[in-house]
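Worksheet: one structure, shown below.
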Amino acid sequence: MAKKRVAIMTGGGDCPGLNAVIYGAVRVGIARYGWEVLGVEDATRGLIDLAYAFPHGNQWLTLESVRPILSRGGTILGTSNRSDPFNFVVRNADGTEGTIDVSDRVVENFKKLDLSALISIGGDGSMRIAKLLIDKGIPIVGVPKTIDNDLASTDQTFGFDTAVQIATEALDRVRDTAESHDRVMIVEVMGRDAGFIALHAGIAGGADAILIPEIPYRLEPIAETVKARRAAGQTYSVIVVAEGAKPKDGQASVGEHKAGAMPRLMGAGMRVADGLGPMIAAELRVTVLGHIQRGGSPSNYDRVLAVRYGQAAAELVERGEFGRMVALRGGEITSVAIAEASAANKRVDPRGQLVSTARAIGVTFGDE
Amino acid sequence: MAKKRVAIMTGGGDCPGLNAVIYGAVRVGIARYGWEVLGVEDATRGLIDLAYAFPHGNQWLTLESVRPILSRGGTILGTSNRSDPFNFVVRNADGTEGTIDVSDRVVENFKKLDLSALISIGGDGSMRIAKLLIDKGIPIVGVPKTIDNDLASTDQTFGFDTAVQIATEALDRVRDTAESHDRVMIVEVMGRDAGFIALHAGIAGGADAILIPEIPYRLEPIAETVKARRAAGQTYSVIVVAEGAKPKDGQASVGEHKAGAMPRLMGAGMRVADGLGPMIAAELRVTVLGHIQRGGSPSNYDRVLAVRYGQAAAELVERGEFGRMVALRGGEITSVAIAEASAANKRVDPRGQLVSTARAIGVTFGDE
Amino acid sequence: MAKKRVAIMTGGGDCPGLNAVIYGAVRVGIARYGWEVLGVEDATRGLIDLAYAFPHGNQWLTLESVRPILSRGGTILGTSNRSDPFNFVVRNADGTEGTIDVSDRVVENFKKLDLSALISIGGDGSMRIAKLLIDKGIPIVGVPKTIDNDLASTDQTFGFDTAVQIATEALDRVRDTAESHDRVMIVEVMGRDAGFIALHAGIAGGADAILIPEIPYRLEPIAETVKARRAAGQTYSVIVVAEGAKPKDGQASVGEHKAGAMPRLMGAGMRVADGLGPMIAAELRVTVLGHIQRGGSPSNYDRVLAVRYGQAAAELVERGEFGRMVALRGGEITSVAIAEASAANKRVDPRGQLVSTARAIGVTFGDE
Amino acid sequence: MAKKRVAIMTGGGDCPGLNAVIYGAVRVGIARYGWEVLGVEDATRGLIDLAYAFPHGNQWLTLESVRPILSRGGTILGTSNRSDPFNFVVRNADGTEGTIDVSDRVVENFKKLDLSALISIGGDGSMRIAKLLIDKGIPIVGVPKTIDNDLASTDQTFGFDTAVQIATEALDRVRDTAESHDRVMIVEVMGRDAGFIALHAGIAGGADAILIPEIPYRLEPIAETVKARRAAGQTYSVIVVAEGAKPKDGQASVGEHKAGAMPRLMGAGMRVADGLGPMIAAELRVTVLGHIQRGGSPSNYDRVLAVRYGQAAAELVERGEFGRMVALRGGEITSVAIAEASAANKRVDPRGQLVSTARAIGVTFGDE
């Protein structure tokens, strides 16, 4: 009898633990259920065009080929932001770009490969596409991925702990050097819409101010904190800024006034530096962590969570529970409907325990 | 008006995050409540003898003095296994050791120092002593500490994540070198009674066998796993052994037969090596991680948890809720009665999800 | 007989290993020679004004007080860029700033404290001041400090290895995430005048382009490299940019054209991104490592070198060899005249072995 | 015209940086010289039997296949201690093992594969075999590998810096936990014949005693050091023991008296613990780092050195300079005759600068 064939893919931005999910799903799928597992290249890209081979092309995964990937960052399957089959980007005859619907090709190729199911690991965008493909008859199981931990349907997402750890270690280092000087250090961390990374790293890394999207800031309380610290003999301050941190209405930062001045390059951390500089008599230094938060070997926590997700996804496939997404609830792995899953986002609760903890140990959020 | 004076102490074995608890409690106590906070040296030792000054003696903690400790391993207050005031070890005239009850001295010194409350950070032993001191009228709030995460009353304890991370990184390294050779690597990790560290690190570090106290092992299935892997072209295997891992009844390891042969030095990892060696035709190497798992900078997770514990302990003191121990339940900090807290231990559930995950990805526990 | 009193200070920018030099000098000075050692606060600041106590003030160092600092970043003595006694910054009556010569006060305080010698750890500026103070009769021994490793008189300076390690780990992480995407990652590292950090980290971190001050770059060869890699199926590239990297004459980067557009904030990495963006059809991401390269625990190499420097400085003082600076030559510690020492800077040799190695493995410097 | 074919192999024990040497040689060989490069499996094993395919078999290396290996521990080519073609282990008819000379097969297969040269990366054993194969007409270039840094012909070997770093971090961690307790921590590190790792890590990690093969120790001075520290209020001590550390003649450690008591398992660290325990009134804890020192991502220093070695090996091949081994001398890469290279070993000089430094900062070697 022919073996059951299951495909697996990764979509969206990079996230430590993607490979560990693949590892978990492939080991359980092959060793326990006797599947053949196809790794699809660059999200759905490898299903849109079976001849797609850039840089690798689809690959049959084995127990041995996934062995070394557990501890590695990135994803061996690649990922893509330009592989939505319902809005596939093509170049028109006149050189402009347009989008077409190539989802039928995905369905066709899925059948041609004799696949029984697809495990899709990805974020909001990937889950939205997954729902549409399910409607077209492809049996899909989802694994949630968001480094920002901003998903309501699961207690925690893999990759977040690693990102916070990298940011915390960066804060430890700038604190070392800040302590030796009279200086304000600004560290910009990830978090466009949710401030979980900034909040956790800020507490763990001993920040004096934490600026997050959920709590619009004014510069005055931050300047006051810096000055009060100096008056108390602490000559330096450390400020963590989420990339989505925003000033309160009516208070535009200096940087924003400069119309057209490379908005792409002028990040939230630099805007704070630009505005705060004239208000305090201290040197300012900005560090932008950027993508180093998305790379590197996943932490033990993220690996264990990712392996459990991979195992659970394989089990959902084996039991035929399609249209479901794995989730962590109260320490146990369970599943939710994909539709429900991507509906609700999680945000830092400005009145929650953790913000409260930060305030209690003397951190300002710039909203006082 | 005189300020409220609160004492804080750390007891039992070392654990990453002890300093972060002190940091959290002191910052909240001083900045929010205006306390004076006395750091007591070497658990109750500093209260048994106020002149005790070895190596440091008691110290008044300040916002500035706790600033740098957040990220540091160890405890600035020291700790001791020989400071139980109800069984205080003294040397008799004839040179032998005996124990006496000096708890009244603790009560007396507590009053002499004009203390209002005591925050006791420690494990089982410390909490047992705390209960007895509460009975003698000292208002105590407890903070649980066990690197093994074996406490039923809280979802997680600080230090555990760091210990697992260190063990996981060690496994990554031995796997690197094992892959290049035909070799079986044994890594002994902490866990006398509970195998959580071995289980988590084993999954995260890609171990082929995980031996824990909760699941007595036989050597045969382990030898079979090693041989099966070789037959499949995987020339190496990695075995994680908790220090409390035990062979099944009736199967004593070779090491145990050697009566008196330095039982203190012959750890669980070496016993497995000793027994497994003759059964397989491969080189064996043993690494004993020992105390490097207890030291070093705590992970972001442990720091945040520890700071929250410290804050919660300060709040319990301020609200006068004595006899309580802080706890984490479902992601929120709460408290439980100290009496209840230390009553129930947590063990790895041999039929729980995580053991199941390990088996599903092909790990043996030696009980098949 | 009164003990010999020796002062020690740290000046200039932060550098991993400063504390290890202090540790080495103090341990040898106290344990071997029986000195008393005074730690002077904020470079010469603590000698300009003995009452200066911000944040700490001068401190007598002991074997025990230096024990824990070996592994710590920063400097327990603080440092300052505004403590040149020959050009001491003061505020005039009209609110403007001016400078006065307070070097006589330093000499006076040196005598008042009954000091026999001064160990000055610092960079160019500190050594220049040291020479002037020597001329005024203060017996000084120098320890060179430059994280950029740009000093001709010593084979290597402490702190450099740690900075390169941090940059290398950052490159590892962005490479992880770059590999999963079609993307160009730019990492800006330290190096205003010398490109050693960029060169070493670039080779160690597998960069595709390395831009350093010693080799002015054009954007075209870099864009060609990115495109050639894509054509060969490697969809990403990693570029390391020293903060002092400069485009070749006649080719101003886009960023530089925008007169007045926050030159302080627009770093070399962002300028490259700005110019390269329009030339290639790929996403660009910039990471600015900034001060995280200056903080954190020094590497084993930097610690051993720093301890040796500290020991050698103490020995020079004991032997009365003032006006000398310790140096590493061919693996052995020796000394050079301070005057000679700071005269010659070291730069990356564009025709040297290491640049050659980088080119041989396919790295572009943008000058082809 | 057919491309030049060059083989590359790795032999002996594992060492961080092996992959980086392969990376350097392959990139230069392919990109600069246009070679085809064959990776030979398990040292000469893959040349003894071309059908050998356990676990991988020989593989043609490409620019892309070596891309990800620069930062990885281990060796993608495998290595073996049982592949000496002049003493190849075979199983006799009666089940016993014997050795035969299969070197002619290596020569034959070398020709069959149309190879022009062989790059052999390895230690003493590998270089001895290389010399014999050169005598049989195989053109070989050598790359030295010894994690212990005990080779006289080169200033430093790759892997050593990484091993010292891992040992130093372990010392940092046990020091953290030792400081909180009244305790003596023993850490056993690599070094059977040479104590460089123990010496460097001991200084960098703040050890109180360093025991190395080059300086036979007595237990009394070590016990005195521990007691003197206690008397001075420092309640803990850290001892680094190289695995080859030996007691002075006439003083056998307790452990050695126990005839037959698992000499394989009773390491140097445990022997010291066993003997020292009765002499001091303090808890003792032993950590055996073992193979975690050989694994993990190589440090920036080791990567750069390894890449330079790889490049230099490729250049020697291209220039036809066979029988040479690459070496680092005074910061520059050069080469020496293989014969000369493996002749002279390097040992810690008991009267050298570094031992002197250690003594000056108060470290005991147990020989006072």
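First chain written, first letter: the chains are A, B, C and D, and each begins at residue 1.
Here is the rule we go by: a contact is a pair of C-beta atoms (placed from the backbone, for glycine too) under 8 Å apart; a residue touches a chain by one contact, two chains touch by 3 or more.
These figures come from a predicted structure and were not determined experimentally.
Novice: Shared touching chains for chain C and chain D?
Specialist: Per touch definition, common to chain C and chain D: zero chains.
Novice: Chains in contact with chain A and with chain C: which ones?
Specialist: Both-contact set = empty.
Novice: What chain lies farthest away from chain C once each centre is taken as the mean of the Cα atoms?
Specialist: Relative to chain C, the chain with the farthest C-alpha centre is B.
Novice: Can you give the whole-Å distance between the Cα centres of chain B and chain D?
Specialist: Spacing between the chain centres: roughly 34 Å.
Novice: Which whole number of Å gives the spacing of the CA centres of chain A and chain D?
Specialist: The answer is 40 Å.
Novice: Once you find the CA centre of chain A and the CA centre of chain B, what distance in Å lies between them?
Specialist: 32
Novice: Touching two or more other chains, which residues of chain D qualify?
Specialist: 55, 64, 172, 175, 179, 233-234
Novice: Touch graph across the chains, line, ring, star, complete or other?
Specialist: Basically the chains close up into a ring.
Novice: Which two-chain combinations qualify as touching?
Specialist: Those chain pairs which touch are A-B, A-C, B-D, C-D.
Novice: Mind pulling up the chain B residues that touch chain D in the complex?
Specialist: Touching chain D from chain B are residues 10, 14, 18, 54-55, 72-75, 78-81, 166, 169-170, 172-182, 185, 233-235, 255, 258, 261-262, 265-266, 270, 273-274, 285-296.
Novice: Which bits of chain D are touching chain C when the two form their complex?
Specialist: Against chain C, the touching part of chain D is residues 23-24, 27-28, 31-32, 63-64, 67-68, 70-71, 155, 161, 164-165, 167-168, 172, 175, 179, 200-201, 203-206, 232-234, 297, 299-301, 303-304, 307-308, 311, 330-333, 353-354, 357, 360-362.
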